[in-house]
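Please find the structures below.
One chain, chain A, appears in both complexes that follow, with chain B as partner in the first and chain C in the second.
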Partner chain A sequence: MEFLTPNRPSSPPEFNAPRYAYVGQPLKADKQPAHLTEFEFAHKVIPLEGGQQCLRLLKSLRLNINEAMEFEVQDWGIKMDCLQLPELPRELARRFMFLLSAAENEQLTEKDQADWVKISDYIDFRQFSVDRSPPRYQEGFLQTNKEKFIVVWHDGTRESLPPKAARALGDINAGERFSAHVKLGKNDETIGLERVSLLGATSEPAMEDWSAWPTKS
Partner chain B sequence: MSGKTMYKNPPIIERVIGVYTDIKIQPEVFEAKMPEWIAKIQDHYPISKPIAEWTLNIKEVKGVPMLQGVMPKAEIIQMFWKLHRNKQQVHGMRLRPDRLVFHVCREGDIIHDFDEIYVEMERWIGKWMEHFEVKALKGVTAEYFNRLNGAITPQFMLPDGGIKIAEALVMFANIPGKYTTVTPPYDNKIRLIVDAKRPCCFDLRVMADDEVRSSLKIDFIVSTCGQEKAISAKDALDEIQIAHDVILEQFDCFFTKQAKESFVPYGIPDPKPSK
Partner chain C sequence: MADEKLIVDFWDVGQGDCSVVRLPDNSLVIIDVGPRTSPLIDWLQEKPRKIHSIVITHNDADHAGGLPALVKLPGLTIGTVYMLEDRNKTDDQFINIFRAVREEQKKARFDVIRLEKDRLIWESATKALDLIAIYPSFSENIEAMKPNETSAILCLRQKGKVGVIWPGDAPMQIVAEKCNGLTPSILTGPHHGGPVDRKKKDFKTWVAAMQPERLFVSVGTKRNYNLPAPDYLSQRAGHGCRVVCSQLTKHCDNEHVNKDLPVLQTAALLGLRPPRSGTPCRGCLRVTVSETEMITDAYDAEHQNRVEKLRRPLCLGKQ
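Let's look at the complex of A and B:
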């Protein structure tokens, strides 16, 4: 019953064993093709602080490889051996943190300043600022915890919490006041709550009580 | 246990099983969730040894390999290993945005067992799907890598370093024509459709090992991945068992009777004195 069939029901996924390229003959070319010396780094999220925060890149990094099998990260001033590619995220994080610190302390050298300007084009600074900002102390009133968790914050704004953030209010009854440290997202929406405390009084806050408080935005 | 013949000394050097997502996890989500995953597996897979992968996009046009215009990619593949008393890499976990893969490698005479990686997959597949928000899977793969060489199968070696290939593999037993011996290069691939509906394909690759002199690679690969497929973790575990059974069946078919006897089936006394 042996026969050859043109049907290909599925392509096998990429082979998971280690692979090796074998070059038996020297390549015949006058010049090395440029597109073989430039690689795109596939990763756009660089972990910081052991992954507690991330540096998100807005565009891909370019790695330029030289004949000594070293690559240079375009615009970042980082040069490494190709075998050390797995160490690149750490080097990117270090370079970024060094330049950020130097910029904050106005200690950038001329070269660093030029690099910092170029590197800034790659970074999603808005997201970085959000990720880096500490949670803020806020007080609120849990209006309902039935289908949705709806909170009225101290400044009178009402907010429906995402499930992940709402879990922190599991011990609060509807109609109770609480305080918490609130982590805000890109559009000032609540993305996390921690250090929740029960403030007790089971009554909706009168708006005048809150007038002296700063608003969220 | 599948009821298939099991061997005490098969020429296996590594077993790999993997499950594949039906929709690739967004790379940014995958990377953002990776640190937390590393913390979760820390007690079991504490050694992180990421792998660098440099990929060129080559497409065959009328039989000629052509480089594509898309820029080549450099990627870091996440790979984790269990602690080992001799600091060897034996039990590994590999992650990519579209898959979770487990490895178990031979260490000397200890060949290990399918059950060892199956148990790992059973333990982690649900946690992995939950953590990376994988809703469904498109299939599984099982890859078993074998070697015929002086260290693993001395019974097939000639004094001059040659391998008695026809005594080991059925497909080399009746090569037609007039010749004295077979010599590298050789690279044979064959795909069998085991079940078109599931689907389930079996790939066999036999090729010279470029890394080691007088060594032959024999790879058995089963894939059940399908384009329109969306299965659960439980289904995937069932399919891994099926893939393993297919490999055992094909192992029985492609190795000669003489070879299989030399691998010592369970229930038959070992002709070699035990060490």
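Let's look at the complex of A and C:
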């Protein structure tokens, strides 16, 4: 039986031993905490330009509240009175727009640069840029318009257009070339077409004489 | 005369190439425009700028696909477009990419000139800085069997010393021959970090022939064509070269890629625009070039700190 109870205690426990231990003076914190409490700001979509655009956040904001009932947005360098909380999205938008503009104009101070690095970790800059970008000129060839609208773009990419975007090609016949201003979405897909023009049949551009092009000087 | 400075932005365009050199008069030289979906177009659309010249190293869609959108942008002045012949001009894709360029040239908006060896793209007033094509010559261009073999090699020189080399998609053998013994501050690619001849026997010798201080690779997270090539990056890192890729791959850190978490959003930090797909690692890189030195942007150290925390960054040789 010995091998079944290898960890048997050498002596029975002292059930009558005292149930407390002396630990010296009561423990006391050396420093006061930097803030009273902190909250997570639940909104992850910040409206810009009166709601025409928005800034999406990749992670939640932390609000640190102090004893004077002011809160500071962690990493954003924004400090406000708690009563002004409804104004926070506007302040976030203003901070973002200020820093982006300063970056574009190379006017960031050293502190701005440090703040901008932290703030950029919160923002979905790609989505912001996609939302903000206007449609761009592209040329394409409409391969088919039966059931699906399939386009071959000038770089050879073949794409099946979503119905909403395809509607703009209603006047183009299959086998025709066209130009359009194309709104691109996240992951490079077409989400809209406008200012469509007919470029003619596919064989037409080849009729031009390209032999002496480009010129030597 | 004051020391003239250039600002060179190496853009993150995903799988492709695009660099923008800002000249002292604020006009731009664009070296490759990136693919059809290039973020450069978004940036130029917001604030039209004066373009001194557009240089296309070769006519692949990931280097020249953004050209139609670029030349059709309203409010943009363009001086010259430099390009070379690297394929049959009756090729559909060639015609499709360059049709818009030719149309705008006919309206006398700009000249389109053949790019070849010794073509001086730009030179500073003091002649201390210049941008020049060192490859291919007319005969090398004609004799090339494949488009990548005739990809132009461009150099930005500071008082005769080569500061930046843009080899486009040129094979490493050609880069080694033309740039033998050079120690540029920055090399891009070639061929998005996976030179086309990387499986050849002498590849290591060709890599060793030129020792850049830094390698910048614009690459897409989706790893089309399996680029960048880990072995090439390791060899460069082994020679003491600092390797930076514009985007992460799953091999560097699966979690970041799956959650779409950028390592550093440098496009925002520099006031540029990001590509529409992929997970940024270094994103864009900016360097300021004077007659005597080359200074990288302020985000280098931050990026390095973050890269070291990744699971298996290819750039640090962790495979």
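Criterion: the second predicted complex is superposed on the first by the 151 of 217 C-alpha atoms of A that agree within 3 Å, B and C clash if a C-alpha of one lies under 4 Å from a C-alpha of the other, contacts with A are read in each partner's own complex, and residues count from 1 in each chain.
In this text, contacts are C-beta pairs under 8 Å (C-beta built on N, C-alpha and C of every residue); 3 or more make two chains touch, one makes a residue touch a chain.
Values in this document were obtained by computation on a predicted structure and should not be read as measured data.
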item: Chain B versus chain C as contact partner of A:195, first or second or both or neither; value: neither
item: First (chain B), second (chain C), both or neither touched by A:43; value: first
item: Touching partner for A:51 - first (chain B), second (chain C), both, neither; value: first
item: First (chain B), second (chain C), both or neither touched by A:185; value: second
item: Partner chain in contact with A:120 - chain B first, chain C second, else both or neither; value: second
item: Which of chain B and chain C A:138 touches, first, second, both or neither; value: second
item: Common ground on chain A, meaning residues reached by chain C in one complex and by chain B in the other; value: none
item: Interface residues, chain A side, partner chain B - complex; value: 5, 7, 9-13, 15-18, 20, 22, 33, 35-36, 38-45, 47, 50-52, 54, 56, 63, 71, 82-83, 85-86, 88-89
item: Residues of chain C touching chain A in the complex; value: 35-37, 39, 41-42, 45-47, 61, 65, 68-69, 72-73, 81-85, 89-90, 92-93, 95-97, 99-100, 102, 111-114, 261-262, 264-265, 267-271, 273-277, 298-299, 302
item: Chain C-facing residues of chain A, complex; value: 58, 100-106, 113, 116-117, 120-121, 123, 125-126, 129-130, 132-134, 136-139, 153-157, 179, 184-188, 205-206, 208, 210-211, 213-217
item: Interface residues, chain B side, partner chain A - complex; value: 14, 16, 18, 20, 27-28, 31-32, 34-36, 38-39, 50-52, 54, 56, 67, 69, 71-76, 94, 98-99, 101, 103, 139, 141, 143, 145, 193, 196, 199, 201, 203, 210-211, 219, 221, 223, 225-227
